[in-house]
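Structures are listed in the sections that come next.
Next, two complexes with chain A in common: one pairs it with chain B, the other with chain C.
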Partner chain A sequence: MPEYPLEGRRFDGLVRLESAEPRGMIALRGTPEELSSALEESVGLAWPATGEAAWTGEVGALWMAPDELLLLVPQGQAQDLVERLGRSLADRHHLVADVSDMRTLLRMSGSGCRDVLAKVTPADVSPAGLSIGRVRRSRVGQVAAAIWLRDGETAEIACFRSVAHYVFDLLADAAHPEARVDYWTPQGADAQA
Partner chain B sequence: MLTLRCPCCGVLADETELAPGGTAHLRREGPEASDEAFEAYMFLRDNPRGVHFERWRHAFGCGKWFHAARCTVTNEVFGTYPAQTAAPPEEVLEAIRRRRPEWER
Partner chain C sequence: MSTRLGTGGSAIDRSRPVHFTFDGRRLAGLTGDTVASALLANGERVVGRSFKYHRPRGIVASGPEEPNALLGIGTGDRFEPNARATTTPLREGMALRSQNRWPSLAFDVGVVNAALSRFLPVGFYYKTFMWPRRFWESVYEPLIRQAAGLGRAPDAETRDPDRYEHFHLHVDVLVAGGGIAGLQSALAAGRAGAQVLLMEQSPHWGGRAQVDGVRIEGDPAAEWVARAVAELEAMPNVRLRLNATVVGAYDHGWMLAVEMPEPGPRERLWKIRARRTVMATGALERPLAFAGNDRPGVMLASAVRDNLMRYAVSPGDRTVLVTANDDGYRTAIALVEAGLSVPLVVDARPECNGPLPRRAREMGIRVAPGRAIAGVRWQRRITGVDVCLQAGEGSALEHVPCDAVAMAGGWSPAVHLWSHCGGRLRWDEATAAFRPDPQFPPTGADGQAAILPAGSADGHSRAVEVLASAHRAGVAGAAAAAHEGDAGQVVTAEEGAEAPALAVWRMPQSADHRLRAQTFLDFQNDVKLTDVELAAQEGYRSVEHAKRYTTLGMATDQGKLSNINGLAALSHTTGQAISAVGTTTFRPPYTPLTLATIAGQARGDLFQPVRRTPLHARHEALGAAWEPVGQWRRPYVYPKAGETVEDAVRREVLAVRSEVGILDATTLGKIIVKGPDAAQFLDMIYTGRPSTIAEGRCRYGLICNENGFLIDDGVVARLGPETWLCHTTTGGAERIHAHMEEWLQTEWWDWRVHVLNVTEQFGQIAVAGPLARNLLERLGGMDLSREALPFMHWTEGRLMDVPVRVFRISFSGELSFEIAAPAGRAGEIWDRLAQDATPYGTETMHVLRAEKGYIMIGDETDGTVIPQDLGLNWAIAKKKDDYIGKRGQMRLHMAGERWRLVGLLTPDGAVLPEGSLAVAQGTNANGQRRTQGRVTSAYWSPTLGRGIALGLVDRGPERMGETLSFLQPDGSEYRAEIVSPVFHDPEGERLNA
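What follows is the complex of A and B.
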């Protein structure tokens, strides 16, 4: 069984940080023209629009690049889906690989998500720039990461597993209880009004 | 701070999300080329104060290469466009001429 570097870690401050439950992750590469029908048959999801995520329950298709998606599936289901996709794409130019151990998923929850993220990434994390349904690949501190919201107060962050503790510590620093900014929180919205 | 709109994913990317790739639209000299021609391809650049066409990679984002037209004096960006081209598109050239009427390629 793979190991999850952040298992058991938790931080409570301006937001709560914790390891998201482990999930299967699959890299799917190729053109949407060639691959979208197989994706629809095997996963039940249409190819997501540029920079967006498509979800059905806990299964997600995250747009990574014009020719790349990251599929999220419940733990233990990745290998089976890789095989099914591989079979249905046998005559198409494609790449499908189980990359479950490549990245780690963090969950950040609370009304301070946007404030905390804004401290560590150059990405636009305003409600317009990072709306629910968008996937933003960017930089978090010194490393690459992908950020998306599951709802108004829950963000998920994917980073390479080798830097998982770095990202967790960086976010925990940014979420220190005495480092409140209140720009995007409800209190901040009141102050701006 | 330089920000460029990545034409591949639509994101307005901060300079720190990007990796520079040098001058765009260089034509590599083939195997029969003279040493002088290859040297010019390899080393000689106009490097004007002003309009440059550059290659950039959205390294921390979608990972794709794209092109940008930028003024190296003011950092004004005239436009960004996909890398699958051998020359700047007409709308980018027009944007440059509007802002720099004296400019010639």
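What follows is the complex of A and C.
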């Protein structure tokens, strides 16, 4: 059975940190002009706006670059979707690949999410800068990562598999129970959400 | 004696004593004290020795401008040198140590420097000790380093146990400074609707206004401050932080602040993207330049007032005030109101009849107009001052006994943030101060002024002007972020009127040399009035030169107190106006940052990310010795119990040569290239022709940069009609991916090609050795026979029901396969293989490839090597019109007499030291021995039972059989014969098995 780097790791501090449940991940490169109708057909999602994610249930299309999306699907469904997309895009210039094992997904939950994120990423994680539905590709500590919120108190972080432990340890250190900032929480979350 | 008064003190809690030690003595302060106020409350006036002359020095200021009271705080792992006593809160159990004294603070042998001070003039570093020259390093410099300096660095073996962290923020308006100006700016910007962060360096809101008796909206300032803070706290778009200093302004409105949270991490570094920053940083009081002004017990008038009002600490029983403005009288009045004696106010102005001097006189304080200080009498403490005419040369008219002196030399706006990123200053004669020049502001990302000065930082001294300018700045800051809500009304303020101040740059005006030589401008660096004069006489007339020659304004206080007085002295000596002299540039940070704060979380295990392959835990369990390769950790070798590293490498190499070994090759870069123009693209990226690789086949390829130098190599596999998979070196994955994207995005943007770095999607395992096929066949699921999968082919299928690609390639010279499985499933295959194969590490891999003469990027290449140097002409498509590097390789010096790859064998089988240079006859233009080659890789070869080496040698392949001499740094010599670089199986029979 597949192994996941952060299996069984959990940390409770200013936020709860844990490995998110595994999902299938697909890299899709191509322009929206060429690919958006096939995307809509295959997964029922419109091409997301710049810096945004489109969701339908557990299936998400995350904007990575002007010609790149990351598709999230339930575990085990990636290969099948890659094949379907490959078929329907056969005559279009595109690149689609199953990258389910390439990245690790972490979940951070609790009212301290924005405060903890602000310690490790230079991205704007204010309610205006990182609203629900937005995807930020930035850095976490010294490595690349993508960050998005599922709701006001749940963030998901995607990083490369090889640095999953680094990212977990860095976030756990940032979420040290005695390192409250109280910038975006609790007052901030209530007042600005 | 300074002491604690029986009543008063707005910042202290008398019910909660705090115990601490100073140079080992047990003392007690109160909750709310700073270290400085606690020391003063205990009568500790001498807190350190000066940098150069080891003169006793006391606390001068009450804020971050303090030049003298730098202490070592804490012990062991928590020791911190050079902590400013005036800004460090007192904590229970604190251990404080004075600095730059030996053996003790009271008796310091270094004070002999004072007698020798005429031998330590400005620039003494540069002239006194120049002769004899060789004495500089061995005698003079160590002596000076011992005698001069600040605190000692913490012991190298200590480990700071505290946490540090960073915090990133994007905000509309950052307000630096929480005095009445900062509060008013924050109110205006906050009410208008902007996102506002207000930071104050001290633990208190309101700044000086409360101490100075200002009334706002008819109430004492403290009441207005409380109301303002309450209103700001209720605003959802405003955040307030105390104990947080904005320390730096950088390009595009990027600001740096440091917070000392309580509780929390020891320090937190804030990195703030502010659309606008309101600079409400207040002003710093200047000392007056008179003889003996550095004596412990001479303090800034404002610091005397602060200590009195906030901490109920008196500087002494009898304090003489020396001033050139009305503001200083506030200190005299406050002292008398507290029941202390002020025997005399020495006012340099001929007339002093403003409301404050009048009030002082009414209280019975004697005021001496037109007078100056001719000297401070000192015998382990101040015993009195000599008073003279300000207009004269310093003949004493009277002696006034006292035990403290308060000096009020006027206020300098704290314009540092304005200057940090290019904002210019203008000299304002009316206020005798450098003020921000609105014509030349530091600019933000939008090209507009990023910093908006407010209050006394903008040169305003009257509360009503301070508040009005702060309101304007707040409104402007919010407007820049398109928040234009109702900012409310400008508040009114009242305070006593003040008569004009006099700019007094020296006391007395025509002070003779003897007095000037005792007049200190820079307390921290021991720069005297005569030093600046000497520098000017010696030709250092430019302010930047004079600063460096005299060290005026250097070190931790960065001239906060000394800057203006020093400029005035330079101006006086050179006969230029101060505006013409100009000022040195303030650099960030405003107050020193600790290295730990800058590092933040990046220390210990988090210092750098460590990249782990999916098989990492398995290597760990096998006891691998690790090799860092970029940020990856790769197993170097797997020593078994009792084995040395050499033993283990030998065992692993022989296992691969005779049986089968497995290597974690996950870190090799894997980049998919796909598109209608991918073939054309790859033919440009590689020196060969990947376009001609048939589907299902692989080929070795080389990548050069535009200069023709080899930058990466690897196997390219054709996956489909318009899809290739490019393998790179471990360190090359991100670099080559970026290289490809750069060419696609900047030069060939119209080529229809996508690239995707999928390195981490796969766990990759090399299975190498004569038994490799046999072992893989036992796993089941795929036909890997010689016929089904010949050398340099690949296939895909399922091994042990895991979907894999299998590449029939070799980096060892043995029958070899590389298996790529989804990263999460590579472990299943590894576990099965490890039952019958020997895991081997990178060192074994290196030995194996060197035995075959395979090059390694980074060993045989160093950025100056072209493929032709390495005998790789076969991998270059010579008939191709173009590829990246082709033109570079056509340059004249790329052909002919170049160092080329050869093998090197010592006659006795010894291993040549890696990096050794082969010497040639004669010397070069620098008198160095000529060289004709170098060793790029050298190993003990277990297969051959002797040392082998690869090297680059001048025209090497043409010189087979010649013997070269490799000289060692210790003078010894190795000799080696030039041979073919392929030591093992030159016919490749094993490879093709």
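One rule holds for everything that comes next: the second predicted complex is superposed on the first by the 185 of 193 C-alpha atoms of A that agree within 3 Å, B and C clash if a C-alpha of one lies under 4 Å from a C-alpha of the other, contacts with A are read in each partner's own complex, and residues count from 1 in each chain.
Rule of thumb we're sticking to: a contact is a pair of C-beta atoms (placed from the backbone, for glycine too) under 8 Å apart; a residue touches a chain by one contact, two chains touch by 3 or more.
Quantities reported herein were computed from a predicted structural model and do not represent experimental measurements.
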| item | value |
| --- | --- |
| First (chain B), second (chain C), both or neither touched by A:Asp101 | second |
| Partner chain(s) touched by A:Gly57 [first = chain B, second = chain C, both, neither] | neither |
| Which superposed partner A:Gly30 touches (first chain B, second chain C, both, neither) | second |
| Greater chain A contact set [chain C / chain B] | C |
| Which superposed partner A:Asp124 touches (first chain B, second chain C, both, neither) | both |
| First, second, both or neither for A:Gly8, with chain B first and chain C second | neither |
| Contacts of A:His93 with chain B and chain C, given as first, second, both or neither | second |
| Contacts of A:His165 with chain B and chain C, given as first, second, both or neither | second |
| Touching partner for A:Arg137 - first (chain B), second (chain C), both, neither | first |
| First, second, both or neither for A:Pro177, with chain B first and chain C second | neither |
| Common interface positions of chain A, toward chain B and toward chain C | 122-124 |
| Residues of chain A defined as touching chain C within the complex | 2-5, 27, 29-30, 67, 93-95, 97-103, 118-126, 128-129, 141-143, 160-166, 169-170, 173-174, 176, 178-181, 183, 187-188, 191-192 |
| Chain A-touching residues of chain C, taken from the complex the two chains share | 163, 165-170, 195, 236-237, 239, 261, 263-265, 268, 271, 273, 601-602, 605-606, 608-614, 631-632, 672, 674-676, 752, 754, 756, 758-762, 822-825, 827 |
| Partner chain B, residues of chain A touching it in the complex | 50-51, 64-66, 68, 122-124, 136-139, 144 |
| Contact footprint of chain A on chain B as seen in their complex | 8-14, 16-17, 59-64 |
